[in-house]
Each structure stands twice: as structure tokens, then as C-alpha cells.
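Labels run A, B, C and D following the written order; every chain starts at residue 1.
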Amino acid sequence: DPQERAFQERIDANIKIEPKEWMPEGYRKTLIRQISQHAHSEIVGQLPEGNWITRAPTLDRKAILLAKVQDEAGHGLYLYCAAETLGVTRDQLTEQLLSGKAKYSSIFNYPTLTWADIGAIGWLVDGAAIMNQVPLQRCSYGPYSRAMIRVCKEESFHQRQGYDIMMVLSKGSEEQRAMAQDALNRWWWPSLMMFGPSDAESVHSAQSMAWGIKQDSNDDLRQKFVDQTVPQAEYLGLKVPDDDIVWNEAKNDGKGGYDFGEVNWDEFFDVLAGNGPCNAERLGARVKAWEDGAWFRDGLMAHADKQAARKIAA
Amino acid sequence: VKPAFDLALRMGDNALILAQRNAAWCGHAPALEEDIALANVALDLIGQAKLWLGYAGELEGEGRSADDLAFLRDGREFRNVLLVETPNGDFGQTTMRQWLYDSWHHFMLEGLKASSDERIVEIAEKSAKEVAYHLERSTDLVIRLGDGTDESHKRMQDALDYLWPFARELDVADDADRAIAAAGIGPDLASVAEKALAYRSEALSQATLTAPTDAVPRKGGKAGVHSEAFGFMLAEMQVLQRTHPGVKW
Amino acid sequence: VKPAFDLALRMGDNALILAQRNAAWCGHAPALEEDIALANVALDLIGQAKLWLGYAGELEGEGRSADDLAFLRDGREFRNVLLVETPNGDFGQTTMRQWLYDSWHHFMLEGLKASSDERIVEIAEKSAKEVAYHLERSTDLVIRLGDGTDESHKRMQDALDYLWPFARELDVADDADRAIAAAGIGPDLASVAEKALAYRSEALSQATLTAPTDAVPRKGGKAGVHSEAFGFMLAEMQVLQRTHPGVKW
Amino acid sequence: DPQERAFQERIDANIKIEPKEWMPEGYRKTLIRQISQHAHSEIVGQLPEGNWITRAPTLDRKAILLAKVQDEAGHGLYLYCAAETLGVTRDQLTEQLLSGKAKYSSIFNYPTLTWADIGAIGWLVDGAAIMNQVPLQRCSYGPYSRAMIRVCKEESFHQRQGYDIMMVLSKGSEEQRAMAQDALNRWWWPSLMMFGPSDAESVHSAQSMAWGIKQDSNDDLRQKFVDQTVPQAEYLGLKVPDDDIVWNEAKNDGKGGYDFGEVNWDEFFDVLAGNGPCNAERLGARVKAWEDGAWFRDGLMAHADKQAARKIAA
């Protein structure tokens, strides 16, 4: 197929694909799935952190956290816009989320139990997200690539804020240090899971790489994350909850890297299947927001129609 | 000092408590755009609360920071009006509460720009820019929802009927308000009320909504006599500072 | 000492948190008789919590009283199952939660009467008398509401579907549970589960309700990994002790 | 009317009137109004104190408060039963409460803002209630009289518990003492209002006295309450918020008593008219409980019908 060959050549030449250009159905579908999943993750991701806004311990922390969660809504918004350029509507995507057909990142099915979790999410979860997202700035699809450039800029800011919370806590009272260690214990493994199963088991990886939607292997990114994060934990005086962690000179083509233990993929697939600690609550909260807000959206729509009619009549 | 302190505390507490209520919507609003917009308003109000309470602490001269005032006072010491602490209800009630406050806040800040206290003028000027946007947004929403569907109209009218008596607490001057005006620290509340009422009448008519005419003011907050819901709200807001006294965050 | 301490803490926390949830109904139940009956159950559970936590404090040997354990621990230190902290929902959900707990609690206490620890036997014997009544009441309500109107049936079935996975945390033994059984402090949880299940099957068939068959247990509470709702609940429950540390009440 | 004369003679001879006996319509109506108003007060009275059950500071205080509020529901229950002997149903009376047609004691339209309010309510509000209710134990209507004997026994227990809270607080930290004084400041005047307006202005007093439904004048009871309570406040080291309070040797037929200031009857009538701080919330809470509970009551009824049908079929 010459169309398909031309498409692949553009990709190989690092030329961005734009909305109105021809693209293979599979490329379009893969992108819709990935971008909307990413958008849904931003939306659902508001909930675990939003859970602490009313309890943030200082006015500054409250403002920072609120702004962060607001940023996530904003990311959701421009990711939905990017997906819409591929021929779906935001309402369709929302329907897929609320019906449980579309996925969102499993990490958000874990509860935020203490203030330290807000630090840990910023540090680890946003850290892992950035690791996943930085390569997506070079994604072959233009609107997605541009959205990710904006997202990444804000995420790195969020990560620094999260690390700052962890820093204050780990230098704080005994209870605060314990809180920080406990948060690291609970968020460490789920963060490693964010890179997805080993590439060998990952269904879409090879094609996505060829299409320039995916740049790095899951395992490579996970390794990079571990190598970056272990020293940060040490700096905080906290212990990563993995006894297998040990420096290995031979790793990363001789540049060295950390060996680490096996991720519990049973837990990953269990949470993915809906049996995580908060799956029902997260989706329930979004469904409730949507249903409770129907009258509001209808009201605005009705007013817009009235205004339009008045303009025509005038 | 007393009138300036009272004024700063009242303005700060109003901003803080309204922000706290609004912030609880985060992630639960009826549309993504509203989630973002309401968070913006809450962020502005938190910023204003910091300025007002910070200044109140300075005036008091006992070394209390804005955070100390926000997180370490008991309910009876808060000076916000009852309006801003009313429960969120549905998004219509939240919107109506915001609008009733914005439409007073705006004219109050205009008045405060003429304060004899320079710091108050500064804070008022900074806040007024933000509040102009708050008022524009909430007025727009009240009009669109009031003149929307039958259901959105009914919800907004119910919210207006419920909240209007609370909004009147803003207008009724007590001794502290009179001392504030007498000292030239802030405007006469009657003049603020008049402007707010005129502004609201215009908007309500566009919204096809009707304000109650015989509403007895629901008041108490300025004297620290709050609603029962307020204690629960504070317990939540202050839990970390109360549980771990004296540490850094 | 450790297994007895763990057992007492778990039993005490379950009783305390379930009482706290039930007590929130006071003045809001669907009928006066239910208001009174539910308060009775809550009162019994508070009494039991005092005994269990008091004993846990003694075993711990660090001078902590039952009140210290109830009001001065953080969420991560509580050892109640998630079932008892689930939100009240409607009165059907509250009733179903109570019944699922009662029908385990009853057989658990029977097992604890054979404990090698005399104090535990004492507390279990005292509690068992009260819990026999709790179980009778909640079983009766589940049957009547399950086999009532279509709506009451649906509400009870929904509550059962939602809560059943939480009830399973009671049945799944962790290391502490195994140590408790191994030390002769408490019964093997599998045997308690078997009796509870048989009892429930009988009642559910009368109630025309069907238990889910493939429910994955919702657990975490025994390890101190609670629901997000739990933190809000504790902030409310502990507010006075946290705000005024070290005083008498 | 010989029937009416015979009735009045029995009352004058202190013989109790029982449900099935003849009684004047006015007597019946007055009793229904008074007993149901009293029952409603017990029910609504659960709310201000119930507001602190989940926040009670110790397990003992939690149990005591819960038991107290439960007692109030119990009082409501047997007062409704007493009213039912006069030919109304509990549902009719509930409907009157929820529609706003029937009144309940205005004192419950004030909010409980601190833990000390729980003490003040027990001490002052139950204290005033007992003062009002003790004479009702001798009421001419048998079922009401017997209900009041039970009620009074429990109320005096409640009052002691309330005073005990005040005692602990007033001996406690500076904040606790301030809390106790603040509660006294807020509850003092509303408690004095509980005896109702001066008899001169009280519409039903004279006839009620003749019928043996009312035994003492409002002003006499109020005086008795003040005389009892002022020394109790002194013992606590708290100040009653009335500068006009002064010992007057001449009062109470020379036995002495306290002069005190004028009650603000405008506030009383304002709260009675529905403009108190919590009128809307109190009635709203009861309406919500009733409406939310409809399915529950219907379910139990339907089951009872099914059971009855099965018995007949068997």
C-alpha cells in the first residue's frame, strides 16, 4: 500500500502527522486509545490528591495542591482536545470512562491515607509519569506531541513539589518521618507498575514503536526510574522497600544501574481487573459528578439555544 | 489598630472559608471547565486569605502567622459570615453562594481602596482585580442557569431563596463594622449594600430570578456564632495542625 | 502477649468504629424504634470497645488507656476491618453492614470463650450476651426488608452486593490471626467463617436475597490500610482530644 | 352541664382522668396539643445534642451522651403513646410536626457550637425542663401524669450529667473554662425563655390551671429556676450573663430570691416565628429522616402483610 508506505516514511523521517492527513486506521485507533486513557488518568487522578485539599496543613500547601489538581484537569482538557482531532467527541470518551470500557492508570486506584501520600505521589507517581511522558513529546502525532510538551513542563514542577513535601517530612518529627517512610512503602511498587508489564508481555509495543507512538521499552523506562529514584530516597534518609536493590556496575551498558526485585504482577492485573482498593470509589465519584451535573450542562445548553434563537429573531 | 485588625480578620476569614468550601468540589464538578474555574476562584481566595490574615496577625502583634490564625483558632474565634460556610449543596447552590458573595465582595473592595490604612488599600487593590473576574464568571453563570431549563431555573431560585437571608448578614453593620467605618478603615456597609443590591437586581432580572423581599437576616458569624456544620468543617481543615502541633510542613 | 494484644486491639477497633458509624444515625433513623434500637447496639459496642482497648493497653504496658487508644492513634494504627468503616449509606446499607458483622461477631465470640486468656474469656462472655441480641435484631430486619417491597428488596440486595466483599476480610487470616489461633488466644478464623456462612445462608434464603459468589475480599484494615473515608471519620471523632491535648473531660 | 360539673369535681378531688372516660373537647384538645408538643420537643431535642455524639471527647462521655439522646427518643415514644390515648395517631402528630403546624420547644433552635454546650444543655435546659415537668407528674390526665413520672426520673439524671461536664470544664484548662463560660452566656437567656411569656400574656394558662393540666405560673417557675441556678453557677466559678442579678430578701414571701433582668421577648417570638438560628435545619433534618425512611417503613409493613397472608393461607 503506497499510502501506508508514504505514511511510514514520514514517520521515519520524524515528520509530524497532523489531524487532516491520511493515517492507518490502526494508528488512529491506537492513538485514540492511548490519548484518551491518558486523559482519563488525569481526570481520575484528581481524586486521590483532591482527597487532601481540604486537609492540607498550611495555606501554601493547600494552594499548591489545589493548583496541582487543577493542572491535572487542565491536562485532561487538552488531551481530550488532542483526541478529538482524531474524530471522537469528549462526550463519547467520557461515556467510555464512566461505563468502565476505557481504562485509566491503575495507580489511581490506591488510596491516599496520609499527608505524606501527597508527597509520595508527586515524587514517585509524577516522577514515573514524566519518565513515561518525556519521550511522548517526540510522538509522531502532532497534537499529542504538543500536548505532551505542555504536560511535561508542568509535571516536572509537580514532581519537585512532591519531593519538597517528602523532604520536609523526612527532616521533621519522628511521626512525620514515619509517615514519609510509610508512604514510600505503599507507593513504591505501584509506581514501578506504572511502566506496564515487561515488553515481552506487552501486546501493543512493537507496532507502537514502529509508528513512533512509543519510543522506549517499558523495562528500560522502569530501570531509568529506579536508577533516578533510589539515590533520591537515600538523600531523604528513607529506605526503598525492596531488599533486592543493589548497585550493579554491569547494568546500562556498563554505566551501572540498580538491580531490583520482581514486581508483583498478580497485584497489577488484579487492580486492572477492578479489584484494587479504590476502583469502585474512583469510578463511582466520576459517575456521580457526571450524573449530578446533568441539569447544569443542560441548563447552559438551553440558555445558549435561547440566545441563538434571540439573535436570529432580532 | 482594633478596627483594622477586625476588618482584616473578617475579610480573611470570609476568603478562607469560602475557598475551603469551593475546594471540596475539586474533581467533582459537573464539567471540566467548571472544575478548573472554581479551583481558580478558590486559589485566588486562598491567596487573599493569606494576605488578610497575615496582616491581621501583624496588627495583633502576638506573633501569630496567617497559618496560625487559619489552623489554630477554635470555631468561636472565626469571624466569617454564615453565608460562606453554608454547605455546598448542589452546584447551583455553590454558584449562587459565590455570586452573592462576589457581588458584595466587589463593592466592598472598591470601598476598601479608599481605606485610611495603606496596607488595606494594597490588599484591596490586588484582590479587586481577581474579584472582578469572579463576579463576571458567577454573574454569567447565574444568568445562564436562571434562564436555562425549567430545572436549572428552579434550582437557582431555590438556592437564592435559601441563601438570600444569609447574604444579608454582610449588610447589617455591628459595632465592629461601625468602628471600622468611623475610623476610615472601611466603607459604610449600607453604601456597599446599596451598590450590591442594584447590581444584583439587574442580573436577577436577566436571570429571570426573584429575590425574597421579606427575608430576616441569618446572622451570627461576625460574632463567632457559627452554624453547626462549621465545627465539622474546621475539624477537617485543621486536623494535621491539631494532630501534630508545632512541626513544619 | 503479642497475639493477645493483637486480638484485643482488633476486636476493640471493630467495636469502636462500628459504634461510631451507627451513632451518627442518632436522631435521623427512619422510625423512632430504630433510633432507639440502633443507639442500644452502639452503646453495647462502645462498652465492648472500652473493655477490649482497656485490656490491649494493659497488655501493651505503656500506660495507654482505652481513651488514649481511641482518640490519640493515627489512622494507620487502627486495626479494624474495612467493613465497619464503610459509610452509612441508606438505612438498608447500615442494617446490612451490622448484620454481616453481627453474624461473624457472634461466632467469633463463641470461639473466644474458649480462649487460653482468662480476661479474653471474660470480655467475650459479657459481649456475647449483647451480641446475641444484636444478631437477632439485624437478622430479623434483613429478612423483613429483603422479603418486603420490591424497593426494600432491591436496596438490601444492593447493600449485600456492595458489602459482601468487605465482610470477607473477617474470614481471611493474616499472620497475626494465625499467631492468635496458634497461641490458643482465639479460634481459627476458617471455622468461624464456616459457621457464619451457614448462618447467613439460612437467613438470606428467608430474606430472598442472594450473596455474591465470586467476590474478591476487600481488605486492608487489619494491616492499617484503611479507606479514604476513614481519615475524615477519625478527624471528626478525635477533634477534641487533638485540639486540647492532655486535659480532663 | 352536669357531665362537665362531675368532671370538674373529679379534677378538684385529685382523681385522675383516664382515656375512656368522658372529658370536655377543650380539655382533650389542650392535652393533645401540649403532650404532642412535648413529644415533638423530645424528638427535635435529639438533634442539637446528637450533633456532638461523634465528637464526644472520651468513650464514657460518648456513651453517656448517646444514652441521653436515646432517652429523649424514648420519652418521645411514650409521650406519643400518651397522646394516642386521646384519639390521635402518631403518624398524624408526625405530619403536624413536619408540616410546621405543630410547635416544639424553641430552645432546640439554637446551635450546639462547642462541647461545653452539651454540658450547658444538661444543666440549664434539662434543669428548666424538669422545673416545668415536675408539677406535670400531678397532671389530672392519668397517662400523661404517669409518662411524666418516668420522664422526670431520667431528666434529673441528665441534669446531673450536664452539670458534671460543666464542673470538669470549669476546673480544667483556660480554654475549657472559657468554653464553659461561653456556653453559659449563650444558653442562659434561652433557658429562661423556656418557661414561656409572663402569665399575664399567656393565652391558655387560666383554663389549664383549672383543669389541672398546669399547676404553677410561668413566672413562678422561672423565679424558682433562677434561684436554683445562680448558686450553681457561682459554685462553678462562672458568671451568669445578667448584671441585674442581685439577692432580694423580700422575694418569695420573704424567703428571699434573686432579682434578674428582663428577658428579650422579641427574640423569643422571633425564634418561635421560625427565624431562630436553626429552625430550618432542625425541621429539615426531621423531614429528611422521615422521607428517606419511607421505603424502610413500607418494607416492614409489606413484610407484615405477607406474613399475615401466609398465616391465613396455612
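Everything below uses one rule, namely that a contact is a pair of C-beta atoms (placed from the backbone, for glycine too) under 8 Å apart; a residue touches a chain by one contact, two chains touch by 3 or more.
What you see is a predicted model, and the numbers here were worked out from it, not measured in a lab.
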If a chain touches chain A and chain C alike, it appears here: B
Interface with more contacting C-beta pairs, comparing A-B to B-D: A-B
Per Cα centroids, the chain farthest from chain C: B
Distance between chain centroids, defined by C-alpha means - chain A, chain D (Å): 58
Centre-of-Cα separation between chain D and chain C, whole angstrom: 35
For chain C, residues contacting two or more additional chains: 74, 231, 235-236, 239
Residue numbers of chain D (touch at least two other chains): 55, 175
Arrangement of touching chains [line / ring / star / complete / other]: other
Touching chain combinations (by label order): A-B, A-C, B-C, B-D, C-D
Contact footprint of chain A on chain C as seen in their complex: 74-76, 216, 218, 220, 225-228, 230-231, 235
List of chain D residues in touch with chain B within their complex: 48, 51, 55, 111-114, 175, 182, 186, 270, 275, 277-278, 281
Touching residues (chain side chain B, partner chain A) in the complex: 16, 20, 23-24, 26-36, 39-40, 42-43, 46-47, 49-50, 53, 66-67, 70-71, 90-92, 143-145, 147-149, 151-153, 155, 236-237, 239-241, 244, 247-249
Chain B-facing residues of chain A, complex: 43, 46-47, 50, 53-63, 66-67, 69-70, 73-74, 76-77, 80, 115, 165, 168, 171-173, 175-176, 285, 288-290, 292-304, 306
Complex interface listing, chain C residues touching chain B: 74, 231-232, 235-236, 238-239, 242-243, 245
